[in-house]
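Pasting the structures here.
In the two complexes that follow, chain A is the common piece, with chain B as its partner first and chain C second.
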Partner chain A sequence: MLGLLRARRGAVILFGLAAVVPLAVRDAYFLDSLVLILLWGALSAAWNVAGGYAGQVSIGHASFFGIGAYSAALMVTRFGRGPWLGMLVGVVLSIGAGFIIGFLSNRLKGPYFALSTIAFSQVLLIGVSRWRGFTSGAEGIPVPFRPGFLTLGLGHVGWVYMALAMALICFAVEVYLERSRVGYQLAGVREDEDAAEALGIPTRRLKVVAVTLSAALTSVCGSLWAQYIGFVDPTYVFSVDLSVRFALNTIIGGMGTALGPFLGSILITSLETYLRATFSGVKAGFTGIYLIIYGTALILVVRFVPEGLAGIAARLRVRRAHA
Partner chain B sequence: MSDAPILELAGVTKRFGGLTAVSNVTFTVPVGELLGIIGPNGAGKTTLFNVISGYYRPESGRIVFAGQDVMGMAPHTICRLGLTRTFQLVKPFGSLSVLDNVMIGALTRLPTVSAARLEAERVVETCGLASQAGSHARTLPIGLRKRLEVARALATRPRLLLLDEVMSGLNPTELAGMIELIRRLHGEGLTLIVIEHIMAAMMRLARRIVVLHHGEAIAEGTPAAITQDRRVVDAYLGEEFVLAQA
Partner chain C sequence: MDPATGLGPAQIGVLVPLAVATILLGGIYALISVGLTLIFGIMRVVNFAHGEFLMLGMYLAFWAYFVFTVDPYFVVVVAIPLFFVVGLVVYGLVMRGVIRASHNVQIFTTVGLSTVLQNVALVAWSGDFRFVRPWHLSTVVRAGATTFNLTQVVASVIAVTLTLALVAFMKWTHAGRVMRATAQDRDAATLMGIDTDRVYRLSFAIGIAAVGAAGVLVAPLYSVYPTAGLQFVLISYVVVVLGGLGDMLGAMLGSLIVAAVEVAGSYLFGAAWKEIFYFLLFILVLLFRPAGLFGQRGAETLGV
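== the complex of A and B ==
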């Protein structure tokens, strides 16, 4: 255990800071940023399970996010039950959807798979937008705030710990995939499917399992997000923008590394929050500037550190060891 | 040791559209044999391996491994039964270390990572890759990649190992090392089928050779008999080979 903590120094420091900071800082704006960093990090880590560890790059993970968000919101507004039950329903639905997507990954490779996942999220977007009687369509659903843990009506500090718990769950899944039998087998599938199959690995089944697990985690995050933000609408929760965000945080942070998605989220989310605040209002014309950041960050990373921010850390460690 | 063959092919045929890549091939492999398969480019050697190992489903015929009909089984199932193949165009897990590559093979038989790592260390040692164990597989030169291909397959503890041109592209030293390794594995009781282009190597390894030409098994016999066979000389070896041997 101690050895594991030492090997994961970076994570211990990062998550430890996130746990301690709310005790000292009460600034709502800052805490809000922290919740978002953790939630986007958790979502990117969930994406990493399929995209980074199993090599199944999806650009349709907003599907599962949206399913989770709507399940929680609808459970509260339409059925008058708690968001936790909605979260559970969302997970079940996402497992079903993840199974379909995972099955597709056995038929379609690389870019064709990625395209099919986009198509899947677009189908959900259109379906939810049109089904006005149930989902309120494109108007979206405001989620009422009812204080309490069972209703997920938490204060800023409470949300930091909720998001931190979710981040830790996703991180733990990643760490498991780096150390376990199934994790190594998935790495084989990612590196070369034919070779993995020849070595006795049930590649098709493993891919479905990885994609489904990734979908379930994404869905839980989606449910939490809906309760935190207090509003869901189809054009946002099923958007390609969102799917790209999960992928890019992870690519920028380091695909197939446990801490990478969180590093990516820290960089991108904090830059975005800062720039949104700086360029809103008077300079409203700049609201889309975070897209430019994404593009720039991606180009810089792919050009200079293709293995991501986590790769920089690894390089520095190697250099220090040699010095 | 029983007399039942470990592998039995009966009338195996594989077509791609109008092309018959493997045509009505029949042979059996007894336990403990080292069978060679030779033939010119495009003769269907690799296709035959793909059929046996489950990557292609043949149109007709029967493939029985260790008393079990394996036709239509997924490659990973066939591997779990004890039949493992290597790839002519090597397929290393490039961004993983040599040891991890081999360990992934070992995990097929072993339930825990720690047990598989020990097994992998042993296999890596056997295959002469110990000094590269920590390197990324993609950084290896081709000679060592071929060795890695064999090591990874060995880690699955096969009863029958199919080697697809693991000796081609090697320099003379590497070639000698690979021949030595294959001989050692065979000496330890492993049954092997070896596809090879290099006749000289094949003559030194196999007691029995099957010659494929246009997908058909045109000859079968000892290396000496094969080199005398008229059809084999015409189809593959050429007059010059026979003269050089004389």
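== the complex of A and C ==
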């Protein structure tokens, strides 16, 4: 256990800071940024389970996020039950959807798989936008704030710990995938599927499991997000931009590394918060400029530092060890 | 009227305009998709930013009409060389460095490009919906019982002409043959002394020129806004996968099929649900015929 903590020094410092800071800092703006960093980090880590560890790159993960967000929001507004039950329903639905996507990944590779995941999220987007009677359609659903743990009506400090708990769960899944037999088998699937198959690894089943697990985690984050933000609308929660964001954080931080998604989230979320503060008041200016930087970063990172921040750190460490 | 009751004169009266609508729509979809399939067939890259070049074409038509009152039909003449150059520049700046990279790198490069272009448009021209309303939009052409506006008819005719010209170019010119050779086997083409980098540059520029021209043509028919490309690019993915990625004639057939699904879907269930049908079609085709309805040569190199 101690060895594990030492090997994961970076993560211990990062999550430790996130746990301690709310005890000292009570600035709502800062705590809000922290919650978002942790939530986006957890979402990216969930994407990383399928995209990074299993090599199944999806640009439709917003599907699962949206399923989670809508399940929680609808459970509260339409059925008058708690968001936790909605979260559970979301997970069940996402496992079903993840199973379909995972099955697709057995038939389709590379760009074809990416295309099919986009198509899947678009089908959900159109379906939810048009089914006005149940989902309120394109105008979205405001989620009422009811104080208490069971209704997920928490203060800023409470949300930091909630997001931290979620981040730690996703991180733990990633660490498990790095150290376990299943993790090594997945790496085999990612690097050379035929060779893995020849070694007797059940590649098809593993891919379905990885995509489904990733879908379930994404869905839980989506439910939390809906309760935290207090509003869901289909054009945002099912958007391609959102799916790309999960991937972008992970790519910048380092695909297939446990801490990478969180490093990417720190960078991108801070950038967003900073630009939002700088360009507040300019209506189209903020999102536009933020997304231009974000798109350019994506192009540059995949080309010049495909291993991401975590990869650079690892390289530096190796160099230091040799020196 | 219930279309399932049989084929009386009244039903034929319905089918004719539906067929005409399918052909008009299919022609435009063909020009949008043919560039995507060309780029994919030769470079083996799915251009996720394809729709954004269409959007830029729409804005070109809008500004030309708004500032100089130039009709989109004439703007097409300028758009083709202009977007050809845009294609060359984007190839040099962005695509060239990733042509031999992994699928993931290529996917995220074009996705990033798409995000950048959308938001450049947002910052430069705001998110407002713009409209191009030339005189011919209100000129009516009769086909049986229903009517079409002249814009739709001419746009479709120009689109089909350009698509056929591109198919002829690929088939009968030296450059076209070189491009097809590269598509078939890039290593063999290199051994034959073909400069593949030039081939990629040329095919990317031609693909962008085609979709830019298509953007100009569709501008009067749809509203113009920064993410306008998304709806079309999703259609063209369906078209191109149906026809077999990289197959130009397949793309033309695929366009007709998608247009038919869209027209029939809107007629039977209302326009609001039409997208659902072609996405379901898309997922079914991906599942059962991922190499396209007509099969595809070289599909094994793509891992399908």
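We adopt the following convention: the second predicted complex is superposed on the first by the 314 of 323 C-alpha atoms of A that agree within 3 Å, B and C clash if a C-alpha of one lies under 4 Å from a C-alpha of the other, contacts with A are read in each partner's own complex, and residues count from 1 in each chain.
The criterion applied here is as follows: contacts are C-beta pairs under 8 Å (C-beta built on N, C-alpha and C of every residue); 3 or more make two chains touch, one makes a residue touch a chain.
In this text, all values refer to a predicted model and were calculated from it rather than measured experimentally.
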Chain B versus chain C as contact partner of A:184, first or second or both or neither: first
Partner chain in contact with A:197 - chain B first, chain C second, else both or neither: first
Touching partner for A:299 - first (chain B), second (chain C), both, neither: second
Larger contact residue set on chain A - chain B or chain C: C
Contact residues common to both interfaces of chain A (with chain B and with chain C): none
Residue ranges of chain C in contact with chain A within the complex: 45-46, 94, 97-98, 101, 103-109, 111-116, 118-120, 122-123, 126-127, 230, 234, 237-238, 241, 272-273, 275-276, 279-280, 282-283, 286-287, 290, 302-304
Chain B residues within the chain A interface of the complex: 53, 55, 74-76, 79-80, 84-87, 91-96, 100, 103-105, 107-108, 111-113, 116, 152-153, 155-156
Touch list for chain A against partner chain C, complex: 57, 59, 104, 107-112, 114-116, 118-120, 122-123, 126-127, 130, 240-241, 244, 247-248, 251, 284-285, 287-289, 291-292, 294-299, 302-303, 306
Interface residues, chain A side, partner chain B - complex: 179-181, 184-185, 187-188, 191-192, 194-204
